[in-house]
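Each of the next two complexes has chain A plus one more chain, namely chain B in the first and chain C in the second.
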Partner chain A sequence: MINPVEFKDKQILLTGSAVGIGRAVALLLNQMGANIVMIDIDEPGLEKLSSELKGERHKSYCYDLKNLEGIEGLVSGIVSEKGPFDGFVHCVGIRSRRPLSMLKPSAVADIMGVNFGSFIELVRCTSKSNHFRPGYSIVGVSSVSAHAGSASVTAYAASKGAMESAVRCIAKEMANRKIRINTVIPSQINTPEYVKLRKNSPSEVEQLSERQYLGLGEPIDVANAIIFLLSDMSRFITGSSIAVDGGFLAS
Partner chain B sequence: MTNKEKLKLIEETLELEADSLNEETNLEDIPKYDSMARLTLIVLCDDEFGKLLSGEQIKKFVKVKDILDFMG
Partner chain C sequence: MTDINPMDLTGKNVMLVGTESETCESLARQLISLGSKLVAVDPDKSKLEELVRVTGSDNFSIYSFNIFDNALIENAISDISNTFGVFDGFVYCAGSGGVKPLSFTNNEFIAGMMNFNLYPFVEIVRCLNKKGRFSEGGSIVALSSISSIKGLKSKTAYSASKAALDASVRCIAAELGSKKIRVNSVMKGWTESDMKRDFISTNMELSEENDVRRQFLGPTSSHELANLIAFLLSDATRTITGTSIVIDGGYTL
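Moving on to the complex of A and B:
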């Protein structure tokens, strides 16, 4: 019996792994034998996740990805210590709801910086020679917000749209190095963020839910798609954005 | 920040006329006090006072005084 999705001893970099989709990716990769390098600002979340992972070769780094200038040194340090990467998944994202009237430049900069800026910087740094292994695949977690407008998520939606646009360019630029890069586009997924939104804005959530034919998604649904994109099964896929949205964008 | 300053801040944030609010003003009587206005106040409390106000909490506020008290 063959296993078309093989991750034994592969080293995957994962941001935003403490909760939600990132956490589901970490747990799934762990089951498949991967070594996981986690970067997150949530230290208790990282510790809790680390305690659940089997194997001794995982490592977590508590780091605020708002500090874009320090990412290069962080990545070099990780590669020196742990070796090069086979994959990178960017799950981190600030999703604060902020009406336009309150979307001041500093808030825009923060959201764009963490969601998009840190993604570009991590891609730039991990794609240097000897920082990645053959078959290196990168996945960014985008959002249906980048395709369907909602009030009060302007900067968040823009950051995800920027990610998808950048991925199309980077795919072309990195093709000669055989680096693939794609995004997944989740809709409403059952994460702590969703639970909070449902409590605070039940009517808005209800409206959005009507577009998801398959109901509310679970983090594992998005994690499955991410694993596919990290694996050799998707070796002919790059520069793509794959909807994992229960039919949201088709509705 | 004094309550007078907080009232001014709320008026500016919600684009209301100066001196149109006082502590006893009923929130429901404020023009266009809708879900967007409530979200705006939630963000204001976080940005200016570092206090996290939930949607559930703000829906229970009746008067402007409730917001001022929350701001601390």
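Moving on to the complex of A and C:
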């Protein structure tokens, strides 16, 4: 039997790993033999996850990615301790809801910084020579918000739109270094964020689920798509965005 | 037979922000000839005065402040609204290009690009969306680029800022729909002025020759761009909102 998706001894950088999609990616990668370097601001969440991972070579860093200036030092520290990366998955994303009347410039800049700025900075820093191995694959977690407008998520949507657009440029720029970069586009996924939304605005959830005709997605559904993009199975895929949305964008 | 003009803008009060591009001059002329009143806003006062001179119209007012300083926008828009009344249209033409390879695309460069192409737009719309400042049925148009949907080397920050702009357009359109305010963007490809600028800056050689070839209908003139923006401002597009219209001579096909 062959397994085309194998991660034995591969090192993957994972942000936003403590909950939701990030956590599912960590658990799945762990089953496939990868060493995982986790970054999250949620220390208890990181500790809980670490205790569930098999193997000794994982490492977690409690870090607030809002602090963009510190990322360069963080990455070079990780690489000198743990060696170069084979993959990077950016799951961090603040999804704060704010009506336009309250969306002051500082609020927009905060969300852009964490969701988009930290992504580009991590890509920039990990793509330095000796920081990655050939075949390095990067996956950003975008959102259907980048494509379908909904009220009160202007800044979040803008940050995800920026991510997908940047990925197309970086894919072209980094191709000769044997780096691939793509995004996945999840819709409503059964994460703690979704549970919050369902409680606060049930009517919106109902509307969304009408378009999302395969029902509610689970974190593992998105994790599977991410693993595929990380692996050599997708060697010929770069600069693209794959919808994992139960039919949402196509309906 | 009576003449009808579906793009008639008679009596519409339009604010035009950002006047550095050639598009702006064409746009100003076109909007005025379609009957609208215009308030042009830009940091560069002499440019504004020049624009008034070349268009030579009484329906044209100007207001100068640094639109890229977000802290100034709230007061400026309040001042503009008090002076010029309720607006029926807003066009955001400001912004900046800029090319840097990824290795030099640091936070500062990205934040600077967002500060040109995204933040002032959202902040101006936020401030215009207050009682008595923007009319029901009004229209907002942002100038975007096909860079928003196509990747080019060294354009990461620029492309990201335009994609962010387009995504914000969709959300704001959803949010302002209840007030019948429409929000759209125009994704431009290669324009004649881009080509002229690049031609000069690269010692009389077309730098991205391949890209020019891809745009098989040739470069877009600023007049054609102005027509599309005027169309989106007019009541002819009463049910078009949240979209980005591509005007690129076939580049993205």
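Assume the second predicted complex is superposed on the first by the 251 of 251 C-alpha atoms of A that agree within 3 Å, B and C clash if a C-alpha of one lies under 4 Å from a C-alpha of the other, contacts with A are read in each partner's own complex, and residues count from 1 in each chain.
The rule is simple: contacts are C-beta pairs under 8 Å (C-beta built on N, C-alpha and C of every residue); 3 or more make two chains touch, one makes a residue touch a chain.
Everything quoted here is computed from the prediction, not taken from an experiment.
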First (chain B), second (chain C), both or neither touched by A:Q31: neither
Touching partner for A:A151 - first (chain B), second (chain C), both, neither: both
Contacts of A:S76 with chain B and chain C, given as first, second, both or neither: neither
Per-residue contact with chain A, leading partner among chain C and chain B: C
Partner chain(s) touched by A:P99 [first = chain B, second = chain C, both, neither]: both
Partner chain(s) touched by A:V123 [first = chain B, second = chain C, both, neither]: second
Partner chain(s) touched by A:S159 [first = chain B, second = chain C, both, neither]: second
Partner chain(s) touched by A:S201 [first = chain B, second = chain C, both, neither]: first
Chain B and chain C contact sites that coincide on chain A, given as residue numbers: 99, 101, 151-152
In the complex, chain B residues that touch chain A: 13, 15, 35-36, 39-40, 43-44, 47, 54-56
Residue numbers on chain A that touch chain C, as the complex places them: 68-69, 99-101, 103-105, 108-109, 112-113, 116-117, 120-121, 123-124, 127-128, 145-155, 157-174, 239
Contacting residues of chain A [partner chain B, same complex]: 96-99, 101-102, 107, 151-152, 199-201, 203-204
For the chain C and chain A complex, residues of the former touching the latter: 70-71, 73, 101-103, 105-107, 110-111, 114, 118-119, 122-123, 125-126, 129-130, 147-157, 159-176, 242
